[in-house]
């Protein structure tokens, strides 16, 4: 369906517009109005006493891309970009597969009560802050008192400095990400699975399909739209990382494990302390925004080519 | 309640598979809650053993001091709980209405302004004006500081939720249904209200869940906009104490004269007790939403 | 379900209305306050923003005690905003950058340069001498120089432990048990021998280090020039004023070798590079302060019954040490003269000082027969060190000795850094500073805790620093230093 043949404004269009207006007002007030702040990335922001913020923003000197220099010229740019993108891809793929698999499995259990309990308990990690989770991880990995090192020492081996050993951290981080988000990620798939028309299953059973075939031919295809939607949405955040996950768990994303753990967000946090002009922080965020914009448009375009109904834009 | 009709019975997995799945899920669940148990154990460890040995799975001595400390603050905690509940309820309700209305409108392909509104929703997903400009707009322009609305409004709509909504409506309310309803004289408001929303119970429950949990967890809005102690949300209150403590311990450079205040800070155990209070109630509210993930809601037979 | 929905909606409307009403009342109060301020002759309300535990519960009652007194003395009413420590970073950034109105703002060396550069603070160099002459006399000339940037003053420093002294701090009971002559252990070599003895006897790690490690070595010997980057500095007593990397200094490296040995021998805890400065028991550690703090702060905080502190190296006064606590005035302040008068009053008048430091009289504290102070509870949330000098705070009845006397003495004995009064203008090298800072942050924990062999490590660090533009910063700094001679 391509061409818009209708050029008459219909009554239904008015109705839909009315439905859309309240939310639009919200967006104007809370998203579009503050958006002028994006300019700060390109300015040498200075305050004039007694003047409003808007005055200050517009009267500060325009310095083009200078605020972006520190990020572009950084020697660690490659490492942080590589880490950010790679971790996010792994998170998206593994996270989705695990969430879907568990959602399907939970849905197949005999006891609905048990399945509710599992779902509830799997949600606990979502509410735990990364700071608290970091204490927990430390109880295992602590060089002197950690559980793992104690076991090693009891077994006659030498203790390992986990927080200085880069090779284990990708596994630790992926595991901890899955631990924290799976419960949450499952929700959307659980609710979608239960919306699937039961008659489809009935027809399939009559045709002699077993459980595996039902999953393959009914459940998954029915989830197609949701899966693609989630995929595109997640790809749209691929240059952002969960700061707490990378910074708190690794106790600072620094030192010997930097190459395995540092992401754009942790790098920017460490580089720009409170004494740096706000233009630079703004520039870093702008960089991430533009990169994500490109990625999501590309992802959406690819999806549109393959199956135009599933694209989200 | 056992929903076992004859079809479900026929279409079950093997009992042995069921057992395997259950064992697997039990292990996963244990992995999820062990840290919470650990936190709980710390919260009942005595101050002295925490100081000497740090965190342990089995501390030298136990004590309920942390919870007694929280009991003393019970009045404030209950007040902030009230604020949280108010904010969460109003915010979730508002959010669901705004989100689903927009999602429905965007799901209609024939809508002339579809691309326009899609842009309105898409752009904020990518571009953000920054903490300071948001602050300026919210306080100087809309005067939201120190009101509950500063806690409610900025969080009630998210493009993420709208896309979920739009996808749902697109998938589950095909054009054919809409057209036949329109032929019957219904306008979009009726279709949205009478057909769309009831059908969308699982999706609404999902979005309501995201919103509720988002509001529950939020402390950032309070930290920026609220100075009036009557208006703290629970998470903001407890988190504030937690972050005060963190800031002190991570910044020894702030000087000795600040360390005097560490004496008055709640101790390790109390912090963990607070974490428990934050986690348990809300996680246990999950079944409330899960109730709505029911099957069998289809549009019914629409021939042709 | 429908009924519930209806009920929820009604609730929402009701609550929404009440919230709006509440909002409306608040605005009324504000206008009323402003109105009365404008109306009643010359009483000016000054807004003062500080960091602390949060707004005190009895704030209103406290205002009723302090405002009449202030009104009588200088025709001023005060309005405080106490930002909790955890929110401080965000809230500050917003206040300073968004043009929100305030009169007085607490600041410190971490942010002072940036705030002046952004233009948020008022130049009070001349005004302070006119409006707050008593205050001006009270604080040594040195300190005013240290608080100035390029000869101009933008904030009033708080006269407290404005010179920095570092200490070796011991659990006396353990030290005595092994007959350690701690009073004469004032360098890392002797420290090593002493701690080794303790470790052999007690086991564990007697020297508890947090991730800041032994970075007192940098702060004790080097001035940071206001650049905010530890790897840039000039030695305090270096008359030639050569800009170097303190981490690569031979004297520092020698001591870091010992620290590394201590780490390998297990004298320092193996998780030092990840640890925070928690309230943990420790047999030995280092910190900045004054020796009396061993009894009042370090011992109680860390569960050490008998705690002693031995001075390490000299007491230094530099820009950084003086700027630990300052109060700046907004560049758009409407009543800067009154603001300065208030600051003067706080620093000279004990009654005002006590009210700010201890809380509301009768609720948080009271005066006893000797005129000393007895604390009634621990609920006062304002942070005394952010407000003004300690030297006019009334003594606690429970204090056995006046620790401020020692602080004053240390201040007087302090050695001044050769770079006192100098601030580097960083505007040309912000990019290099950001990247060098990232490199420093990357390696600082492992370096200062001795987790890695220092001499090899510093080569890696210096290489990365150079790649990030360290030499550009160094050259620019040297240029400015030479020009200022």
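In order of appearance the chains are A, B and C, and numbering begins at 1 in each one.
The criterion applied here is as follows: a contact is a pair of C-beta atoms (placed from the backbone, for glycine too) under 8 Å apart; a residue touches a chain by one contact, two chains touch by 3 or more.
The shown structure was predicted, so the numbers you read here are calculated from the model rather than taken from an experiment.
*Asks:* Quick one: which chain's Cα centre is the longest way from subunit B's?
*Replies:* Ranked by distance of C-alpha centres from subunit B, the top chain is C.
*Asks:* Which chains touch each other through the most C-beta pairs?
*Replies:* Most contacting pair of chains: A-B.
*Asks:* Using mean CA coordinates as chain centres, what's the gap between subunit B and subunit C in Å?
*Replies:* Here the centre of subunit C sits 37 Å away from the centre of subunit B.
*Asks:* So how far apart, in whole Å, are subunit A and subunit B when each is placed at the average of its C-alpha atoms?
*Replies:* Using C-alpha averages as centres, the distance is 16 Å.
*Asks:* Which positions in subunit A touch two or more other chains at once?
*Replies:* Subunit A, residues with two or more chain partners: 52-53, 138, 142, 145, 278.
*Asks:* If I count partner chains per residue in subunit C, which residues reach a count of at least 2?
*Replies:* Correct list: 93, 97-99.
*Asks:* Name the residues of subunit B that each touch 2 or more other chains.
*Replies:* 54, 132, 136, 239, 242, 246
*Asks:* Spell out the residues on subunit C that touch subunit A in their complex, using ranges where they run on.
*Replies:* Touch list, subunit C to subunit A: 89, 92-93, 96-99, 101, 110-111, 113-114, 117-120, 122, 205, 211, 228, 269-271, 273-274, 330-334, 430-435, 437-438, 441-446, 451-452, 464, 467-469.
*Asks:* Would you pull the subunit A residues touching subunit C in the complex into a rising list?
*Replies:* Answer in residue numbers: 45-53, 55-56, 66, 69-70, 73-76, 138, 142-145, 159, 161, 163-164, 251-252, 254-256, 258, 262, 267, 270-278, 280.
*Asks:* Touching residues of subunit C toward subunit B in the complex: what are they?
*Replies:* Per the stated touch rule, the residues are 8-9, 11-12, 15-16, 19, 22-23, 26-27, 53-55, 57, 81, 84-88, 90-91, 93-94, 97-100, 108, 160-161, 210, 212, 276-281, 287-290, 293, 296-298, 300-303, 324-325, 378, 383-385, 390.
*Asks:* Would you pull the subunit B residues touching subunit A in the complex into a rising list?
*Replies:* Per the touch definition, subunit B meets subunit A at residues 2-3, 7, 10-13, 15, 18, 21-22, 24-26, 28-29, 31-33, 35-36, 38-39, 42, 53-57, 97-99, 101-102, 104-106, 108-113, 117-118, 120-130, 132-134, 136-138, 140-142, 153-154, 156-157, 160, 162-164, 166-167, 170-172, 182, 187-189, 192, 202-203, 205-206, 209-210, 213, 216-217, 239, 242, 246, 272, 275, 278-279, 282-284, 286-287, 290, 292-298.
*Asks:* Which bits of subunit A are touching subunit B when the two form their complex?
*Replies:* That would be residues 1, 4, 6, 9-13, 15-20, 22-24, 26-27, 29-38, 40, 52-54, 57, 102, 105-106, 108-110, 112, 114, 116-129, 131-133, 135-136, 138-139, 142, 145, 147, 179, 183-184, 187-188, 190-192, 194-199, 201-202, 205, 211, 214, 225-226, 229, 233, 236, 278, 282, 285, 289, 292-293, 296, 309, 312-313 of subunit A.
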